[in-house]
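A quick write-up on the structure given underneath.
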Amino acid sequence: MDPLQIIFFIFAVITLVAAFLVVTAKSLVHSALWLILALFGVAVLYVLLDAGFFAAAQVLIYIGAIAILFIFAVMLTRKDLRDAGSQQNGTWPLAAVLAVVLFAGLFFILSSWSSFGMPKPDMPAGANALSDLGLALVSANAYLLPFELASVLLVAAMIGAIYVSLIKK
Amino acid sequence: MEFLRDPISFIGNWLEGLLLGWKMAPSAATALIQLLGAFIVGTFSLALVIFTIWVERKLYARIQDRLGPNRVGPWGIFQTFPDMIKIFTKEYITPDGADKVVYNLAPILTVSAVILLWAVIPFARTVVGSDVNVGVLYIVAVGAIGTLGIIMAGWSSNNKYALFGAFRTISQMVSYEVPMVLALLVPVLLGRTMGINSLVEAQTVWFAVLSPLAALLFFFSAQAEIGRAPFDLLEAESELVAGYQTEYSGLKFGMFYVGEFLHAFTVSALTASLFLGGWRGPGAEQWPILGMAYFFVKTFIVYFFVIVLRITMPRLRIDQMLNFNWKFLTPVALVLLIATALVEKGLQLVGQDSMVLRTVVHLGMNLLIVWGTVEILRRSARKERQRVSEPRPVAIAPQTQASD
Amino acid sequence: MIPLSWYLLFAAALFCIGLFGVLSRKNAVAILMGIELMLNAVNVNLIAFWRYLAPAGIAGQAFAIMVFAVAAAEVAVGLALIISVYRRRDTVAADEIDMLKW
Amino acid sequence: MLNDWLFIGLFFLIVAIFPGAPILIAGLLAPKRTTPAKTQVYECGMETVGDTWVQFKVQYYVFALTFLVFDVELVFLFPWAVAFDKLPLVGVVSGIVFILILFVELLAAWRKGVLEWV
């Protein structure tokens, strides 16, 4: 195995274990902390995919903002959910079976795909992914509409969330 | 001669040649040298704290008409070492009900997040840890990790004061990140790149001259990010004991302390790099060692202002702190960003690329925004004065109204 | 060299773990955490496809950044709803939030 | 490209060790004499009353939420700023429209009274 493969393997395992703990940990704050580790592992994989911008954005948005929001939400809804008792609902064996079946199905479908095991091609010369992305985001024949819509979506989400969380009983 | 011009990359090249001569694979040699470099940068940044703590204490004392440390070594310059020995031999006390793992991880994470910033700071043209093409975003992202350390410290201590302190800290740090990122977008826009070293190279005219407002916005929001006076609500001693560090003792507490001092210095280094031209200066291109000198001189000048700000300002109230951010810094930063984009594109369309014109137009635009802001502030201050000076109902008011 | 299959299998596993969380958790906040994991799995796939199949194109990256925005919006509104429900009904267990049932 | 990140990866390793090692060493050097009174949770000289996890104001959540939305939108702007040289005027204007939407957002939050600490 070459070094990159080892790094990938280590972080993939860390991420998956952390993800598993996210969905099984009893204390919700621990869940949130494991979630942060899992998201960080994903950021490392982005670096391995030559997407440094997404790695930094992942850490900034997910760890810096979304995870904090989760921790706040856990603290705000704390009263009745002590860390005692099962955090799993009654149908969890069914859910586990479903998840395993889905993974097996995905594996089956993917492995019959011709370019499943394709090696990483070299980056085309002269391409600057970052400024290309910036250009595409504001080009009318590329992603201008989603770009502006994302902004409007976020505004709507923010106003809605503020309204929902601030209304009195 | 070659050695004198650029000692660090000279040693680096020599080492690489040596390792390759020993039949080491080139990639392994690079990795080893980078590891060594990382080790040196990390050690250096931590060693720096020993010095900056002394600088800060001395300056603090002088402004308050005291002597400050003056016993150990000349001017007390070695005062930090006995302090270190003391704190190394202090007992760790872990409070009941603390979440052990998270509790011990928090101080490490807090300090790490600060040292991590040094990975992208360029010391000279050739002495750069790493010039990743997303340097600016990296800085902000690493700041997010620091936030995490604080919330972990507050939550795991099982103490109300700690949790309150952590919550306040988060809402402060999180709020001030918005103008900070906005202010950082201005140099990115002016330099068309996110790499820190590339940004330094792009500063033929310092960005602090091109856009002084962005420099100020960054400076102030960074102060809040560090969390010291006047923004030290997170550990407001009179209200919250010591905030999120209440339950920490010994070196674990010391680590938070180190983190704060190092962060102050790091922010100065960032300000110097991003806005004051970093290692740029006469002769720095040919003589990288000169560049290092320029960089540290600039950093220490900014650091001086950081300390003075800390010493001379009273603590803000929490509502004032949030108002200052959301109702002052953020709108100004948004306006500045729009204006900068318009001016840049306008100059490009006209086809003027003379540096003088660019500087003058940008500077004028900045001054215009400052003038507008001051005008608006004057008006709202007048209103506020009227509102406060109006007679207000006091505790007995409801009774007199009822008798009418 | 890491083949594309590694990333795809990793993403599939992450997605399934997230799905398991969504289906099995009692607490609504934890369900949202599962959704975050699933969105991340999707993002890994998008970036991997961009890098392996169309490194000159931009679609994968553009979609990934949109997923960021959608994830943020979803978390913001979702958690606000949960907090609001909690304030009215004093519960965050997904089974007990059944105001629409009749 | 990956070489740049190699340094940062190694730096992450080193940086985790740097504060960790002294804490461990100090743990070995320092005395260990815990008593029940010492490990009590601090509360102004009293024994602590009630649970640590008191109910928090929803205001904290709202600030974090506002930040999250701003943060995501600002990440969109970074590639735009890097590509500034290549952008046509339309591109610059649409970026500015994006920032203006942010401004509207700020004003909306202001009007809703989110930014007040009451």
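Residue numbering begins at 1 within each chain, and the chains themselves are lettered A, B, C and D in the order written.
Everything that follows uses one rule, which is that a contact is a pair of C-beta atoms (placed from the backbone, for glycine too) under 8 Å apart; a residue touches a chain by one contact, two chains touch by 3 or more.
The structure displayed is predicted, hence computed values, not measured ones.
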item: A-B against A-C, pair bridged by the larger set of C-beta contacts; value: A-C
item: Between chain B and chain A, distance of the C-alpha-averaged centres to the nearest whole Å; value: 29
item: Centre-to-centre distance between chain C and chain A (centres being mean Cα positions), rounded to whole Å; value: 6
item: Centre distance in Å when chain B and chain D are each reduced to the mean of their C-alpha atoms; value: 14
item: Centroid distance [mean C-alpha coordinates] between chain D and chain A, Å; value: 17
item: Touching two or more other chains - residues of chain C; value: 65, 68-69, 72-73, 75-76, 79-80, 83, 87
item: Multi-chain contact sites of chain B, meaning residues that touch two or more partners; value: 132-134, 137-138, 163, 167, 170, 174, 177, 194
item: Residues of chain D engaged with two or more neighbouring chains; value: 1, 4-5, 53, 56, 58, 60-61, 64-65, 67-69, 71-73, 75-76, 78, 81-85, 87, 92, 95, 102, 109
item: Arrangement of touching chains [line / ring / star / complete / other]; value: other
item: Complex contact set, residues of chain B against chain A; value: 27, 102, 132-134, 137-138, 140-145, 147-148, 151-152, 155, 163, 167, 170, 174, 177, 194
item: Chain C residues within the chain D interface of the complex; value: 65, 68-69, 72-73, 75-76, 79-80, 83, 87
item: In the complex, chain A residues that touch chain C; value: 2, 4-5, 8, 12, 15-16, 19-20, 22-23, 28, 31-32, 35, 38-39, 42, 45-46, 48-51, 54, 57, 61-62, 65-66, 69-70, 72-74, 76-77, 79-81, 86-89, 91-92, 94-96, 98-100, 102-103, 106-107, 110-111, 115-124, 127, 129, 132-133, 136-137, 142-143, 146, 150, 153-154, 156-158, 160-162, 164-165, 167, 169
item: In the complex with chain B, residue positions of chain D that touch it; value: 1, 3-8, 10-16, 18-20, 22-23, 25-27, 29-34, 38-44, 48, 52-54, 56, 60, 63-64, 67, 70-71, 74-75, 77-78, 81-85, 87, 89, 92, 95-96, 99-100, 102-103, 106, 109-110, 115-118
item: Residues of chain D defined as touching chain C within the complex; value: 58, 61, 65, 68-69, 71-73, 75-76
